[in-house]
Every structure is written in structure tokens, then in C-alpha cells.
Amino acid sequence: RLYHPALTAVRAMSASGPTPPFTTLSISQPATHVTHVELHRPDKRNAMNKAFWREMVECFNQIAEDPECRAVVFSGAGKVFTSGIDLMDMASEILQPEGDDTARMAWHVRRIITKYQETFSVIEKCPKPVVVAVHGACVGAGVDLITACDIRLCSQDSWFSVKEVDIGLAADVGTLQRLPSVIGNRSLVNELALTARKMYSDEAKSCGLVSRVLPDKETVLTAAMEIAGEIAARSPVAVQGTKINLIYARDHSVAESLDYMATWNMSMLQTQDLMKSAQAAMEKKTPKDVVFSKL
Amino acid sequence: RLYHPALTAVRAMSASGPTPPFTTLSISQPATHVTHVELHRPDKRNAMNKAFWREMVECFNQIAEDPECRAVVFSGAGKVFTSGIDLMDMASEILQPEGDDTARMAWHVRRIITKYQETFSVIEKCPKPVVVAVHGACVGAGVDLITACDIRLCSQDSWFSVKEVDIGLAADVGTLQRLPSVIGNRSLVNELALTARKMYSDEAKSCGLVSRVLPDKETVLTAAMEIAGEIAARSPVAVQGTKINLIYARDHSVAESLDYMATWNMSMLQTQDLMKSAQAAMEKKTPKDVVFSKL
Amino acid sequence: RLYHPALTAVRAMSASGPTPPFTTLSISQPATHVTHVELHRPDKRNAMNKAFWREMVECFNQIAEDPECRAVVFSGAGKVFTSGIDLMDMASEILQPEGDDTARMAWHVRRIITKYQETFSVIEKCPKPVVVAVHGACVGAGVDLITACDIRLCSQDSWFSVKEVDIGLAADVGTLQRLPSVIGNRSLVNELALTARKMYSDEAKSCGLVSRVLPDKETVLTAAMEIAGEIAARSPVAVQGTKINLIYARDHSVAESLDYMATWNMSMLQTQDLMKSAQAAMEKKTPKDVVFSKL
Amino acid sequence: RLYHPALTAVRAMSASGPTPPFTTLSISQPATHVTHVELHRPDKRNAMNKAFWREMVECFNQIAEDPECRAVVFSGAGKVFTSGIDLMDMASEILQPEGDDTARMAWHVRRIITKYQETFSVIEKCPKPVVVAVHGACVGAGVDLITACDIRLCSQDSWFSVKEVDIGLAADVGTLQRLPSVIGNRSLVNELALTARKMYSDEAKSCGLVSRVLPDKETVLTAAMEIAGEIAARSPVAVQGTKINLIYARDHSVAESLDYMATWNMSMLQTQDLMKSAQAAMEKKTPKDVVFSKL
Amino acid sequence: RLYHPALTAVRAMSASGPTPPFTTLSISQPATHVTHVELHRPDKRNAMNKAFWREMVECFNQIAEDPECRAVVFSGAGKVFTSGIDLMDMASEILQPEGDDTARMAWHVRRIITKYQETFSVIEKCPKPVVVAVHGACVGAGVDLITACDIRLCSQDSWFSVKEVDIGLAADVGTLQRLPSVIGNRSLVNELALTARKMYSDEAKSCGLVSRVLPDKETVLTAAMEIAGEIAARSPVAVQGTKINLIYARDHSVAESLDYMATWNMSMLQTQDLMKSAQAAMEKKTPKDVVFSKL
Amino acid sequence: RLYHPALTAVRAMSASGPTPPFTTLSISQPATHVTHVELHRPDKRNAMNKAFWREMVECFNQIAEDPECRAVVFSGAGKVFTSGIDLMDMASEILQPEGDDTARMAWHVRRIITKYQETFSVIEKCPKPVVVAVHGACVGAGVDLITACDIRLCSQDSWFSVKEVDIGLAADVGTLQRLPSVIGNRSLVNELALTARKMYSDEAKSCGLVSRVLPDKETVLTAAMEIAGEIAARSPVAVQGTKINLIYARDHSVAESLDYMATWNMSMLQTQDLMKSAQAAMEKKTPKDVVFSKL
């Protein structure tokens, strides 16, 4: 039988507001070792404003350091996952960059883009796996965000759109870089990125953008919580080493990745978790019956 | 509602003959900003002869420089897409290379292969997206060709074969290099490349070689025209930047690709297209209602 | 009609015991130019003990040098493909590494891991294509093994589990490095590696881990033999060059891979096989009618 | 005649104490657009304590953002440049890492190393060129530090030692990674890193570790100021683009680096500085006669 | 005794004018298998105008295909090697790029830079070694040019300057990309590129920019001719394979480069030159006594 | 004062014959933790015959595993270091490769080259540093050999020649791949590889091929022994980690190399050697006074 958080916990998961000092994110601990991060600007369709970009970095840096957290669920409050960038809030920064000539404005623009890219790269740099639960619209920068997560689920009513080409700009905070390794079909990646057409949940499942489709927002959150619970119950040494090596392998040759793995494990195999897990396995117990030290 | 070229235009798309000075390609402008390139040797099942390899380079170099063209449709005239290399025409060059000893013949052979590889690499180097519409047979070098295109569609009666292993040669103008990133299933790639078996349209769809299957040649061409139309209606700054960055990302790590993207956009975000597109979006218009400058 | 080994041959394929000097592998030649390697510890559910790791290296080095062998089928004797590492046999080596301090133990551990990684890397370094036929359980190191094979088939009753995270260790002999390029769906790869959940044959087919599902053990072996027969009938120059270039391409950019291919073929295109194959094609014969020289 | 800061300014350069809020660094502006960072723990031979590692990151992040600063001089207060790590202050963190088992301690250690590596990587990430002026001893982490600087000068009495191997540890904050591309003689790099022997200023000059040797501390600082002044007088668009592209080129192939350069310059060539500089050149003026906008 | 072109030939090497159809280059064959390319705009101090960039590509493409040519000497006519870019002639193209907005102008600028970069990359792509003989000034784009050559000599009166930073632009046709691997002293590279200071022949020799300094223009040309003669006398299979593999190795890891070399030589070792050379060696003859086939 | 092996030991170092089972190598332990490998075919000028290539691999694999050995000295017996390949002994294998057609012969040739490359790559894969002492001639494959060593010394009478181009073959067992990173002067590398000219000890020192020149064979051996002794006296954890990370850094970007270093040290910093070394340093002892555990 699967790990099962009380449904009441799930229902309570959409918080009543952001968690101070954050103004766009609500943070909670719905289960042991699981952290829930909710994008919380429901009246703005969770549009990403200036505060959001800064808070994401702070939030995931904290999670990376928190030994109590072993898995993360990310979702959006309200009717949709996110409508993408909050154009109104951010227009000035992007459309009227500072600087006395084109080169200086370009310099300033590059600095801003690099800062925004960092927002989603922190998800990857955080060694705790991130399960994202999408419902409703996931547009523009929303796609950039979810491609940086580790496991993607969505509800039946979800749809996705690589919207950037429609506002005259090549997607620049991660979609073009990560989507091709997420979807195993480059023809489709190209079509989505070049035409900005909507993709619905069924196609998202069949092309591999998400690994499961659930009926609605509540069930997709429950499923995400279950997966996060499964992960949190396992040895954090094994889990976080797995995430780090999977990301390393994406960007290196197999020979380099094997060498990195061997170097990584020369200490990591000396963990007590190995002995504890092996013992549990022989006694027909599951990892959930084992208590692992903090990491 | 989608962009819709007059059906008559589509019907007229299969030209009566090659466009001088080309002898194997027919070039036309079926819609604004869309160029149609048709492989036109129908009585030879569009087999690729010596002239073809040279003309492809010339043709796509012209398209790359033509500011009127923003998207390309590629198809084959007659009953099939292509039967691959024209062995008769090319036999002498490949089978009886010049040179006084093995090393000198090898040197000559390498020069020829490099030249042929360039034929399909020009498709990738051309910043305008290329939508390919396949019908009937797509054999040998035909697979090399379509893997270098950006978006692949085919008709119900299409079939594909990585034929090279059957004529005693490892495929060498791009299939082994590009197919694995096109199809998300390496076991299948290996099977196709090692046994030369036929793959039909349904499997081509499910494995990601094509992103859509249409009933017949006419509808697949119409669909390709529609997608090309969608692309051509969008900001060429955004579209061509997207293609260039997608190809860069395939061959580099995510960190390198993000850095390249930021550097690219430090000037590209200063385009008027961004303002025009944003304004259109706020006025509930689509990109098609916007007039973008030439690029 | 496909190549068809006598069913009796297939039935005979599960040998009565290992082939000396091997103690865990049974080697046979069920058809011309085809070698069958069977993992043979059926009473231990084909668990991988210390002898196995050493014998795999020796076995595949021999196959790599054997000019009579042009394709390999790999399978498991008895009820299941493999239950993975034989924890009992290997525990001491991994769990109680030699060394006076943490660094020295770490050094020793790295040497062991590197040796085990080599066990499966020999499959990739062997230029003859390897078709693997899975039935029943394929757990832990079994997944590492099959991701290093070229073509993967399984029976209806097969299931797969990236088990390592359950025994407190990040998978380290190839799964994390090779699985992501085998399966075109990173969200699924992450889920499998992080939760250790079972994946059944249907999902294995749809995600690309295997390219075909057959009814039972006998039919999956027959199908593997057919594919191996198809491959063995073709020019070994073409086939083995194809395998080497496919693996090179996985780990390099397209431009580098094209350059390598051209360099490779400057001698390989000078083979007589090309002429023989071309002639056969013109006479409407198949590769099977051609006799190719040894390689 | 070279740019010449008043000698009095140079004499005043060794400050009376750190600049609050820093406790280990003294920051000043000895000339227009030039920032002087002085490592200031003279009574501790400028040993690097915990505060230092943190302050370096903060200091260089500020410099990176400061539009008034166009070049940096780095030096050490007192009798020597630096004696390296302050073992007393840092021993607990490195020698007694937190964690319940070897794997957890290893995890913690890796986090610390990564943090320390970042200390010197900020010098490279800062786009303003850094000229380092060494005098007396430059030991251990001091070598890591100077290899991350752009231009290296030293006084006659300087000596260098890659000390880490003597305290039982492979150098890990940058020396092994950067020294080989700094010194054009790998045999010598290996000898220095493996035997920890002293290298004096003459050998440092002949092997390329420093590009100039000056008589004493005062003259080496004057020379560093002059070079920094030369750099600060030039177009910041050109100078900082040069640094960024030089570092990019070290870690990429020539083809990749050329492509990056072209992308970089598509906006940077549109600077007014180009016209201003060209005009000055035609009027036989030098860059120092031109006023460039802030960057 | 060294190969010795008649001094009269050397004296005659500075031609009376460009070789049609070229307007900036003079081409001659001063010795068997040696081609001399002279930059010939002496009254403009060999400044590089628009015609030059185009003609270099054409010239070196011809040389690459010419089986009679086995080595190239490159020099400049008149008083100096080159003063770099002809600002007057090229100003319009660079300073006033076409395009309706910044992004479009940027696009156009990138195309121009890429074209100029190609001018010097052809030297590297040409498999015949290029020996460059510098005398007098070698400024700006002149440094880009010589870093793309294989062997660099200069006369006593030569001086070099990476001038670009003085005209407000980061060097963009190859200096920043190639100079660091040419000079074994990154501190010096940075100083040269950031301050644009002059470097004289002695320093150029000691830092490795040139491998020999000769008294004057005549002797440097003679020495270049001798080296070219030495090279031209050897097996073209060996020589050109050496150049190609040296350039490959610069941009790849040692393991990749060894693999490429093995693949290269699987045909190249089958040359008759090997037997001819070995025989000559045993008969105490030199390569000059052997007649090699054309390549 | 430096570590000093008794001169008698050095004199005894040139053994009376190979150490069985080796026929071309003599192995001894002249000092604690130091292994001396001598190439021992003095009557054949230490030419490398078939046995040599095989024995090198065996010898260095043994050394890699031997916990008593911490540093290696490599030298040649008799009058010269080595005259390179023994053409007579190896001619048949290289000049008359097996195989029915060009492709099959090519295949065989590649296998041989790969085997020979491995001969010198084992030196690099062995984690113990190798100090090579050259005297007299070091020709052809001798240069391939020494570039794979870590520290290079030579006697005054030494000379070097990249001879391969003279026998019609591009150097293929490591020179073209490793020499450019050894010598900081690509113009010189190209000249040596393309003209096969002799380089004497003075130039070898100034260009960085060797790091020291000693008067004669005896003193160069003594110096090599001293350096090996210095290395052997230090923590083997630190020394061997340094070698492995230096080689990793040569083939990867700085960012990748820093990451690898941090991963490496997460276990290696937990060594007792660190504490022992730190304590010794505080008590003003040297590493030689410390007893380190075996590795």
C-alpha cells in the first residue's frame, strides 16, 4: 500500500496567504520531511512579479540547507498554476533598460536575464527532489519553471504554452535549454516553441512533459504528496545523490558521468543507511520502517 | 481559428518542374513570408543525384539571406518523398575514389563525405524554421534529410527506412548523429539503424520521428503550410532566435546554453517587436495582426 | 519473411549449465555468426555474485575479438532475468571496505565501483550489437546491465525496478548515466530512480525502455534471435561501424559526431561489402544472399 | 609616457586598517575608476580566516555592480602577501566536520569546499579586470587566489608555494584547476603541486606565473596601479567584454568561443565608444582623452 | 644541410603587385610544393579592406584543394606586416549597420562578424601548414591572423599590439580565442588584450608568440621558406594529418583526441609513403630523396 | 637539506638485465616507497619492440595496485633513453595489416593503434606520480612516452625528435595529443611535429618540455630520485589525489574541475593524514617525519 497523507492535510494545502517574509510564496510542512511550496498570488493568476523572482531564490536556498526537508512539492494557489510573467510589473525593467547607448543597455539586460535564469536554476541546484503539481494554465515562464523540477504531474484540465515567441522574444529562462531533454520528441519541441500553440494534458502525458495525469487539482496534489512521501521515506544520502548525479549525467558524456559517480560514492557508500536498508530488506521491511540520520 | 492558405494554393504547390537554375528543386512562395522547396525529380522517385547535393547548399544559403522568407516548407514531388541516394549517378564518385594508395583514396573519400554532410547541415544553419511534409517512401538519405529539419509531419501512407546498413555502409550524412536526439527511444534507433527495417507512419508518430500524421499528401502539405504560416506570422527576431538557441542547446550543457541565451538576448530583447507584441497581447490581438520589420 | 531459427534451437537455448571456465555464464552459437550469452544461476534468481562481474569482462572481451561473431543475444536462465546484486556474496566487499581511515576506505571503494562499472561498459565497448531478452524480474543492477545493451525486448510478465535507492545507495554502475538517454521522459526517469517503484512491461514499452513486448520467455528469445539474425546477415563493416558511431554520437555534439563519422568512413567506405551489397540490391537480392568477409 | 598615479597616493595605499563593515579587507579608490582591495591582517601575515572567505564574496559582488569601478588592484598589507589558510581559525570546520556517519560528514565537507571555491571564483565572475601585486610570501590558498586574478606582478623578494600537499590535502580551491593554464609548463606545475617546493620570483617570471618582477613592494604596487590605470582609461564595454570572452575561451573550443564572441558583439559593437575611440584615433588622441559612459 | 631556396628567389618574393583576380593578395610558387601568399597593399600599410576579407577565403580554399601545394608561407609586402583593419574602408559596414531596430542591427552585425571570423578560420581549415613571416608592425586584426597560422617567425624590428580595446571593441576575429593557447602565460595575454600595449620581438620570442626572431625582413622570409621547404619535402599524408590532429587536440580532451587519431590512422597508415619513408631511412636517405604521390 | 639517496644506490640503478617475467623492463626499489622502472634493451638503443608494449601495461597496472609504491622513476639503460619504435620487429604488424579489403585492414590497424596508445595511457591512469629521467636520444615514441609522465628531467646531452613525420606517419600514440599542453608554445610544437627537427636540452628547458637540465646521466637520475623521494615522503592521499585532479583539470573546464575536486575531497579530507600533517607543521617537523598509512 502506498504512503497516504490524510486528505484533510491535502485540502488544507492551499494556504490562506503567503508565508512572511515571502509575499508570493506560501511554505508549509504537510508531512514529515516534506515541504510544500505554493505560488500564492491567486487573484493575479499567480503571475510572476519582481518579488517572486527574488523570493524563489531565497526560498530554495533555505530548503537546500534545511536538514528536515527531504522532498518538495510545488504547486499554484487558486484557479490556475500560473499565467507566466507579470508583464505590467516587469515591463519597465525589461522594456526600458537603463544605459546610455545600445551596448550599455544590452549589458544591463544581460544582467537581468542572468538573474531571472538563476530563479529556476536554484530548483536544480537544491539537492532535494521537487515534484510539481500543475492544474489549469501553465504558460510562458511557468514552462521554464516546471522543466527545472524533477517530477511533473498535472490535472486533466491543464494546458501548457511556450508563450514567449508570441511576445516577440526567444524564451530565455530555461525552456529552450531544458525542454528538449524533457520531451523525447524534438519535432514537437520545435513546434511548441515556434508556434506557441496550446498543449493539453493528454499530449503532455504522451510526449513525456508530465509523467501522470490526474482528474483534478485535489488528486494531482495528493499524488504529488504521495510521491514526495515515498521519496522522503528513503535514505536522504541515496535520494539526493541520485538527483545530483542525474543532473550531472544530463550535461556530460557517459564516461565522465561514471567517473563522477564513482568519485561521489567513494564516501557516500560508507553511510550507515546502506547497512540499515540492507538489514530492513532482509527482514522484509520497507525503507519507511527505517530511521535515517539527518543530512 | 488557424491560419489557412487557400486550398488552391496547396494544390498548385506541386510545381510542373524545377525552378531554374535549379534542376532538382522547385522554389515557390505559396504565402506571405513562406517559401516552399520541393524536391522535384518525380520520375526518378526524387532520388538524390550529384546536382541535388550542390543545389541544396545554394538554395538554403539563399533562403538564409532572404529577408522576405520567415519559414520554409520542404516536400517531394510525385508519388514518394524520396528513394534516397541515386546510386547510378553517384556510384563512380563513391565506389571508385581517386588516389594512388589507400590513404590518398581515403583522403578523397573524406572530402566527399564532408561535402555531402554539409548538404543537410545547411538546413540547420539556416535560421528560418523548416517544416518537412513526408508522403510515401522516405528512405536512406531521406531520413538524414528530415532529421535536419525542425518540424516533421507525414501522411498515413508514409514509411521510413535507415537503409544504409543494407548497402554495406554506416549512415554518414547525419542519421546516426541526429536520429537519437529526435527519437526518444535508443533501443528503437539501434534496431532501425542495424536492421534497416521499415517503420510506418503510426510508429513514426508514437516514437516521435514525426509530430503529426495526416490522411494523405494533400492534407500533410496543408498542415505543413499552416504551421509555417503560424511561424511566419510571428516576430522573426523571436522565431529565428528560438531556432538558433534550440540547436545550440542540443549540443551543449544547460549551464552553457543559459549563458549563450543571456548573451544572445542582451541585444535581441531591445527589439521593437517586444513592445509591438506586448501591446497586441493587451489589446487581445494575435501576432498575425502585427507588422514586424524585416530581418 | 523474417529470418527464422528453428524453434528447437530456441528451446535448446536455455543451457543445462554454465560453460567452463565460466561459472555464471553459458555461451552458445545458436545460429551462424550469432552468440548467445545466458546469465546462468537460476537457483539464485541469477543474482550477480563476485564471479559474475569478472566473467562478464572476460566473456565480452573474447566476443569483441571473435571474427565469427557478428551479433549477441543476452538472456537469463530460469524463472527471472535477474534479481540484481547478490548482497550476501558481495556484502563484505562493499559494506566493510579495507583501509585505515575514511579517505583510504573511500579510495578502496572507488576502485571497486570502477571495476563494477567496467563490467557493463564492456558491452558498449564490444562493437558487436547486443540484443537483450528480458523475462520476469529485472531488478537493480539488471537495469544497469540492459541499459548498456543496444536493443531491448521483454516478455509480458517482465517488470523493472531501479532498486538501489531502497538499499540506501545511488545507482552506480550505469543506470543514472544511461537510463535518461534510453527513456525519452526525464520526469519518469526521476520517479523510477527516486522511488524504486516497479514498472511493468506495458509502461516499459510506451516509455521506450524496451522496443517490443512479446507474450512469454520463449517468444521473446525467438524475437531476439530473429533480430540478431537480421543483424548478423548484414555487412559487419556497416553494422559495427553503426554501433560505434551511435555511441560516439550520444556523448558528443552533432558537429563533432559528423566529423568523426567522416573520418571513420574515409577507410570504411573502401570495403568490398559496399560493392557486393549494391550489386545484390540491383539484382533484387537481400543482404542474406551475400557472403561478407570476416572482420 | 605611461599613466602615473602620484607616488604619494601609492604610499598611502597601505591603509591603517580594514574598511568597515569588512574586518579583513581595506577598500579604497586611489585613482579614477580604480578600486584597491587590500588583504589587511598584517599581524597574522594576512592568513585567511573564516571572515575573509565571506567578505571576499561580498566585496567582489559590490565591485561587480559598481559602475564607477573599471579596474581593481589587489594586494596584501604588511610584510607578506599571505601565509594562506589560518589553520587555527578554520581547523574545527575542516578537521571535525558535522554528521552522523562518513557519508553525512562528507556531504558537509563538500558544502564547505564549494563555499570556499566560490570565494575565488567571484574574482573571475567580476567583469572588471583584477591586477594582483604580490610581495614576500604567497603560500597555499594565496596561490589559489592569484591564479583567479587576471594580471599578476610580484616584487623581487616574492616566493610561492603550493603548500597543500604538505598538510595532507590535494589543493582544492582552484590551484590544480587554474595553475596549468597559467603556467605553460606542466612538468613544473606537477613538480610544484607534488613537492610543495618554493618558487622564487625569477622562476615565477620565466614560467609565466607573473608577467613582471619589480624591485620591491612599493614599485610593484605602483606598476599594478599603472596597469589598472591604463585599463580604466579604456572603454569599459571593450575591457569587460574582453575579460568575459577570455575566460569563456579558456574553457571552450575555439569554434564555440568564436560563436560566443560573435553573439556577444552583436550588441556590443553598437556602442558609442567605438565611434568615440575611432574619432580619437584619427585625431591622434589616446583613449585617456575620451570620456566613456558608465557601464 | 638545410633545404635552401635560391636567395634570388627570396628577393623576388615581394611581388610587384597583386595576382589577378585578387586585388590584395599576391600568389607565387617560390619552390616546389610551396605557395607564397603575400598581403599586398604596401601603400596602405597592408590594411585589411573589404576585398581582403573575401579574397582570403577564396585564396585559402584554392590552396586547400591544390594537390601541388604542400606548405604555405604568408608575409606582407612593403614596410610593415599589417596595420590591421582599414577603418576608412570598413567603417560604414561596422559603425552604421542596417536594420530598423537594435535587434535587427544586432542580427546584421553578427552576420558580418561571423563572416570576418571565417576569413582567418580558413587558414586553420586548410590542411597545408602555414608559416607566417612578420616584419615591422603587426597590429589588431594582424594578431588575429597570425594566431591562426601554424608556425610564426618575426624579424628583429617587429612589434605586436592587440589594438582592439583601444577602439572600444573586444577583439572579435580570433585573438581572444586563440592567443591564450599560443602564449603560455595568461597574465601576459590579459595584459596585452586589456591595455593594448606594444610587445617587441624579444618578448614575443620569450613568451612563445613567435618561435624564432631573425635579423630582418629578408632573413625572416628565407627562414620561413626553409621551414616550408622542410615540410613540403615530407610525406603530405603525414604532414597534413599532423596539422589536422594538432588542431583537433587543442579543442578536445586527450582521450577523445587519441580516439580520433586512431580512427584517422586506420586508413592513413595504409599509405605507400610509410614504406617509402622507412626504406629511405634504412638507406640513410632523407625524406627529400623520396617522391611522394599527390594528395 | 633535500632527501638524498646514497649515490651508490643511484649507481646501482642501471640493472644488469630485465626483471623476469619482463624482457624489456627492469624493476627495483631504490628507496622506501619509490619504484624504479628502467627500459632495458641497451644493445638495441632501448628500441620499443612488441614485448615492450605489452609489458608496460602489465608493469604499470601492478604499480597502480602496489600500496608500497608512492612514486615512480622511469629511465633508460645504456647510452640513450630510447631510439623509439623497433621498426624491424614491428614492421609486419603495421605495414602489412591483416584483412580482405581496405576496410578490414583499416579495422585491424585501428585495433593495433588503440592497443599501443594504451601503453602510455597506463602511465597517466596510474595514480602514483612518474618522474622521467632522459639522457641522450629521445626519439619518436620516446616523446610520446615522456609526455605521459608527470615530471620530466634531462641531462645536458639529451635531444628530442618528433620523428614520425619522417617515416610518413602522423604521430599516433600520444605526442600530438599531449605535447601542446606540455609546451607552452604552439608555434614550436607545430614546427617540431611538422619538420621532425632535433631539439636539444637547452631549448627543451626553455620551452617547458623538461623542468630541469642536469649535467649527465648520473646526476639526472639522482635528481629524479630526489624528487620521487620528496613525493614519496608526503601523504599518499594528498599526492595521488593531486595527480588525478591535475589530469582531470587538463581535459575539463574550470567549473567542472572545481566540482570534481569538491566531490573528490568530500571523503579525502576525512583522512588522518590531514591531522598528522597539521600537527607536524605546528611542531615544525616536515612531512618526512610523519608515518602515513598505506593506500
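Per-chain residue numbering starts at 1, and chain names A, B, C, D, E and F are given in the order in which the chains are listed.
One rule holds for everything that comes next: a contact is a pair of C-beta atoms (placed from the backbone, for glycine too) under 8 Å apart; a residue touches a chain by one contact, two chains touch by 3 or more.
Just so it is clear, the structure is predicted and the values come from calculations on it, not from any experiment.
Traced through touching neighbours, the fewest hops from chain A to chain D number 1.
Simply put, chain D must spin 120° to overlay its Cα atoms on chain F, rounded in steps of 5. Because chain B and chain C share one sequence, their contact can be compared position by position; here under half of the interface residue numbers appear on both sides. Each chain gets one centre point, the mean of its Cα atoms, and the points for chain E and chain F are 34 Å apart.
With each centre defined as the average position of its C-alpha atoms, the distance from chain A to chain F rounds to 48 Å.
Those residues of chain C in touch with two or more other chains are numbered 102, 105-107, 183-185, 208, 237, 250, 252, 255, 263-264, 266-271, 273. Considering their complex, residues 129, 150-152, 181-185, 208-211, 227, 230-231, 234-235, 237-239, 241-243, 245-246, 249-250, 253-255, 257-258, 261-271, 273-278, 281-282, 286-287, 292 of chain A touch chain C. For chain C in complex with chain E, the touching residues are 252, 256, 260, 263-264, 266-267, 270.
Across the complex, chain A is touched by residues 99-104, 106-107, 237, 240, 267-273, 293-295 of chain D.
In the complex of the two chains, the chain D residues touching chain F come out as 87, 91, 94-95, 97, 102, 105-107, 109-110, 113-114, 117, 121, 124, 164-172, 174, 176-178, 180, 183-191, 193-197, 207-208, 250-252.
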